[in-house]
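Read from first to last, the chains carry the letters A, B, C and D; within each, the first residue is number 1.
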Amino acid sequence: MLIIACPYCGPRPELEFRYGGEAHVARPVDPSTLSDEDWGAFLYQRANPRGLHAERWRHVHGCGRFFNALRDTTTDFFAATYETGTPRPAGTPADGETSR
Amino acid sequence: MADLSTMRTPAIEALVTASPASHLAALTALPPRTRFSFRGRPAAVTAFGTVLGFDLPQVACRFAEDGARRALWLGPDEWLVTLPDREATAFAGAAATALAGLPSSLVDVSQRSLALAVSGPMAARIINAGCPLDLSPDAFPVGMCTRTLLGKAEIVLSRTDEARFEIDVWRSFADYVWRLLEEARREFV
Amino acid sequence: MIIVGAGGHGLATAYYLATVHGITNVAVLEKGWLGGGNTGRNTTIVRSNYLFDESAGLYDHAVKLWEGLSQELNYNVMFSQRGVLMLAHNIHDVQSFKRHVHANRLNGVDNEWLTAEECRDFCPPLNIDASTMRYPVLGGALQRRAGTARHDAVAWGYARGADARGVDIIQNCAVTGIRRGPDGAVTGVETSRGFIGAKKVGVVAAGNTSVVMAMAGQRMPLESYPLQALVSEPIKPIFPCVVMSNTIHAYISQSDKGELVIGAGTDAYTSYTQRGALHITTHTLDAICELFPMFRRMRMLRNWGGIVDVTPDRSPIIAKTGVSGLYVNCGWGTGGFKATPGSGHVFAHTIAKDEPHPINAPFTIDRFRDGFLIDEAAAAAVAH
Amino acid sequence: MSGAFRLPSGGRIDRSRPVRFTFDGRDCRGFAGDTLASALLAEGRHLIGRSFKYHRPRGFLSAGSDEPNALVGVGRDEAHYTPNLRATQVELYDGLVAESQNRWPSLDLDVGGINNLLAPLLPAGFYYKTFMWPKKAWTSFYEPKIRAAAGLGRSPGAADADRYTQHYAHCEVLVVGGGPAGLAAALAASDSGQRVVLCDEQAEFGGSLLSERQAMIEGLPAAEWAGQAAAELAARANVTLLTRTTAFGYFPHNMIGLCERVTDHLGVADPRLPRERLWQLRAREVVICAGAHERPIVFPDNDRPGILLAEAGRTYVNRYAVQPGTRAVVFTATDSAYRAALDLRAAGIKVAAIADLRPEANGPWPTMARKAGIDVRTGTSVTGTSGRLRIRQAQLAPIRADGSVGTSEPVACDLLLMSGGFTPSVHLFSQSRGKLAWNANLGAYLPDVSVEAERSAGACRGVYGLEAVLADGFAQGAAAARAAGGTTSPVRGLAVKATDCGHDASSARRPTAAIACSPRPSSTGRTTSPPRTSSLPPARASSRSSTSSATRRPAWPPTRARPRT
């Protein structure tokens, strides 16, 4: 059971959270202008890297808020958590790199 | 139409009656009270505080109280406010007036949940049978409150005293939560 | 040709390339050891009672191959058609499973409805006393042709068969890049042991598919999750079949060695750690203890995790890709073992002929562009 | 009085509390403080089970959780029946009902033993190469037969009557293992005032100290010091002590799974108590003090009843006051087995010979053994044993300079103790995803790179010798408390009076020639002639799992094994 640092409530056990998949996937402003290819990619293609992964979590059984996290998928250690709408913290390795 | 008043009877009445006493870990059902879920931006928060009589707590996971009124921080823009039933109607009216024009939401959720208290030197240990939080006084001091889990059920947990916790739980989960706590209490009664 | 991944599916692909298509200049590259990934970590269940026509075609093709596999490979894969019983615990389950029964029968796949008592008669350890259960057993769907197979033997049997026909199986050889020519077509793969040239590369890397495909610049509709399983200490035969319960989340069988083999659920987040959290396994064991209270005192011997690659519609991809000469077989989620022979058979066809076999024609990557999804989420044992 | 093989005095058993139990329906007696294993040994029972495949007679090998053979079913009725318990871990209580497993019709006369004679026809993996024709026979005949032969114990036949609870807990320092290192670590860590949890799988704290005959700590016999240390810890409000508690899993972010057996050792338990309690414990820092396992030595027919690990023999004599035999041969590659031989001798057991694989042994314990008049034969191997349901004889043969084996000589015995050195118990460390490193000097894998917030102390990281282990425990416990944000008092030094026997043979004296002994026990059950091999096969690079390769490797010589590449 992971410990996840909610940006609002502090470190809390994984049970209180729900995973939200890849972060920073912006919904296209005008889907009707997209090609089928791009729309399919938006809907279904995901980064799924081996290493650092920017992902969404929701503190569903706590403050209820969505937030973003950087986690290394080869170790399950978190490099950072940050509020939704804020950019990925500067100085963190790219997706797929390892955090330690 | 169903008589709404019957819904205020505890969903766990039979369990409460059969519950054994324990000075190490007492389990009690708390009397009904009115609950409001309040969500709002800063301007509304300030206005709401005036009606409430004190400022809503801004520190995460802390509650503030004055007399019989209590406001629990549940999220950055969400509070659970409890007050005696007799004050409910007047309070709701005053709040509606004060919040007029300010983006906010005030919902009476009194029927949704009921409250229990666990008290005694073993209270934290009993709750830890299902709650994964560190409940030591350092990590979860008096005055702290949070939504969390007890077993599979979501609860709002607050520490009102070194050796006393209150649990707000949805009515339909109440018997599950009560039984879970009873099971944990069994070696202390 | 190169096959990336020496699990059951990869080895089966190589075997059928050699036996059906006469292609033996094949290298199977494996970063770890033969059958060391999900093939050696799964709960060995084989069944074909999927809802949609496309799935029924694919999985029943596999079951038919399973039925003669020991004799074909001259290697006993211990395929045991002891029956898979899926329990229904609420009205929705009953309706859904009956729909499955009818759909399966229309597709020529055996499946039948049992009452709770019939379920208990079929599997005596099952508790159907509603007064002791949170979720009573209201009945179940039984596929008698379904069952289990010895997972390691499947990998070894295919490996022996492929090896005997000239296929090279290279272990401890991690693929580090996919090389492409000026026209974009595949020319070979870089590995931890050097470059290997090939006109065709089939990726069968299960949980690591996204990583391998990224080497060819391909983003995949996949997410890789941990999936755990566990076994008890071995006991004398007591459990005659496979029982699955989607609702309270348990599946269990007893191996020929005597261990109770139990599958847990996926963890919530993507991970390549090959391990999972304790609360996932305790959740499953709670369900096992409720369904089979006599097993409560049994102790678990081993617990492990694998990496499962999950598609948005919970159906696999067995297809050509946007890169000429690159083929992919992935997305089996939590249930790839059952399809091993069928998957290898049709994937070998796809690579050899550069076009899909009719059975895997619907299982393209393009379906996530075109919208022709094969949504089998309800048929999967794990709500993943 | 219980058992003809009970020593008249000594041990940690409570002679004022006799206990009655049954094994395979036969009435037996023991004392409170016995395990099922020690009580059965006191009654002279060595045959305890049958092996999984060949149904070879099997006896007790160890005295603890590393027991591979002595698996029994325990329970007064079907609703309380638990299969596959290790008799070496089952605490005796009045009315305990135990039965042997995997035999028919009885343990002494087991029809399945026929497999042992057929062994040459049943090579490894033969299942996969046969039973395929005719095709139909798989379902109707072969598979049911294979299944019927599989499994050791049997499932309980009724719904479990007991209840279980679970508990989330948090602490700053968790110490796993309550032997000398663990007690010292817990004392040091709890000085900080932080929350400390100390758990041990046994009924009392002390670990190896409970089997000591001579060692003194702070002027007290070692076991007494352990009791005092545990009492001191119990008196501290910030310490939680958990006995009968196994740390079974190391999960991400320092969550440890603990299984506390609350009532299994009680004949009649308080109904308010659960049978077991699952602890999901989150620790800021973990100190692993898991100790080390003694390695068996691989030689033909080394699995007969009456063949025990040397430290187990010592434990039965010193801790349980049981004579595991009357005439012993000790087969060793370490000095520690000499200590065991002397402890046996002190308990009135005749030590017929000590066969030491090493060309010489001149440490303090071998010197004492020689002084005591024990027949010490260095450069000697055991090349086989005989005896149907219990060892009767061991074949001892000299090892020549070129590594070949000379003519063997039979030595009568009803007990053979063996010691191939010690393997640090790194399971929990490995579960935490820590990386191991090969230590050629110790011939063992040791914890190297940590991933989680943990550290090891004592024998599980290759620190041997009582004084060193206690000092390491104190140092690591204090370091853990500091890492968790606490302040600790200066490390305590303890006055220790003990003669160390080292971890293993000194590497300087390690023979250059390979030792002759067959790498696999004979599977035929016949008395075997001296092995034909003149040297070990070249060591192979170990398999993938470093933990298992460390335990699977032939025990001797450790220099021959290499770390994974």
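Please note the rule applied: a contact is a pair of C-beta atoms (placed from the backbone, for glycine too) under 8 Å apart; a residue touches a chain by one contact, two chains touch by 3 or more.
Going by UniProt, the chains are A = Sarcosine oxidase, delta subunit family; B = Sarcosine oxidase, gamma subunit family; C = Sarcosine oxidase subunit beta; D = Putative FAD-binding dehydrogenase.
All figures in this text were calculated on a predicted structure; none of them were measured in a lab.
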Practice item. Please work out the Cα centroid separation of subunit B and subunit C, and write it as a whole number of Å. Key: 46
Exercise for review: Please report how many Å separate the Cα centroid of subunit B from that of subunit D, as a whole number.
Suggested key: 52
**Study point:** Distance between chain centroids, defined by C-alpha means - subunit A, subunit B (Å)
**Key:** 31
Review point. Which residues does subunit A have that touch at least 2 chains other than itself?
Key: 1-2, 13, 15, 75-76
Practice item. At least two other chains touched by the same residue of subunit C: list those residues. Key: 273, 277-279
Review point. Taking each residue of subunit D in turn, which ones touch at least two of the other chains?
Key: 166, 251-252, 255, 280, 282, 433
**Study point:** Chain contact topology (line, ring, star, complete or other)
**Key:** other
Revision key, fill the gap. Listing every touching pair of chains gives A-B, A-C, A-D, B-D, C-D
Point to revise | Contact footprint of subunit D on subunit C as seen in their complex | key: 32-33, 36, 68, 70-71, 74-78, 80-81, 125, 127, 150, 153, 156-157, 233-238, 255-258, 273, 275, 277-279, 282, 289, 293-299, 303
Practice item. Mind listing the subunit A positions that touch subunit B in their complex? Key: 1, 8-10, 12-13, 15-16, 61-65
**Study point:** subunit A-touching residues of subunit D, taken from the complex the two chains share
**Key:** 251-253, 255, 280, 282, 433, 451
Exercise for review: Under the touch definition given earlier, write down the residues of subunit B that touch subunit D in their complex.
Suggested key: 125, 128-134, 136, 139, 183-184, 186-187, 189
Point to revise | Complex interface listing, subunit D residues touching subunit B | key: 163, 165-170, 195, 270, 272-274, 280, 282
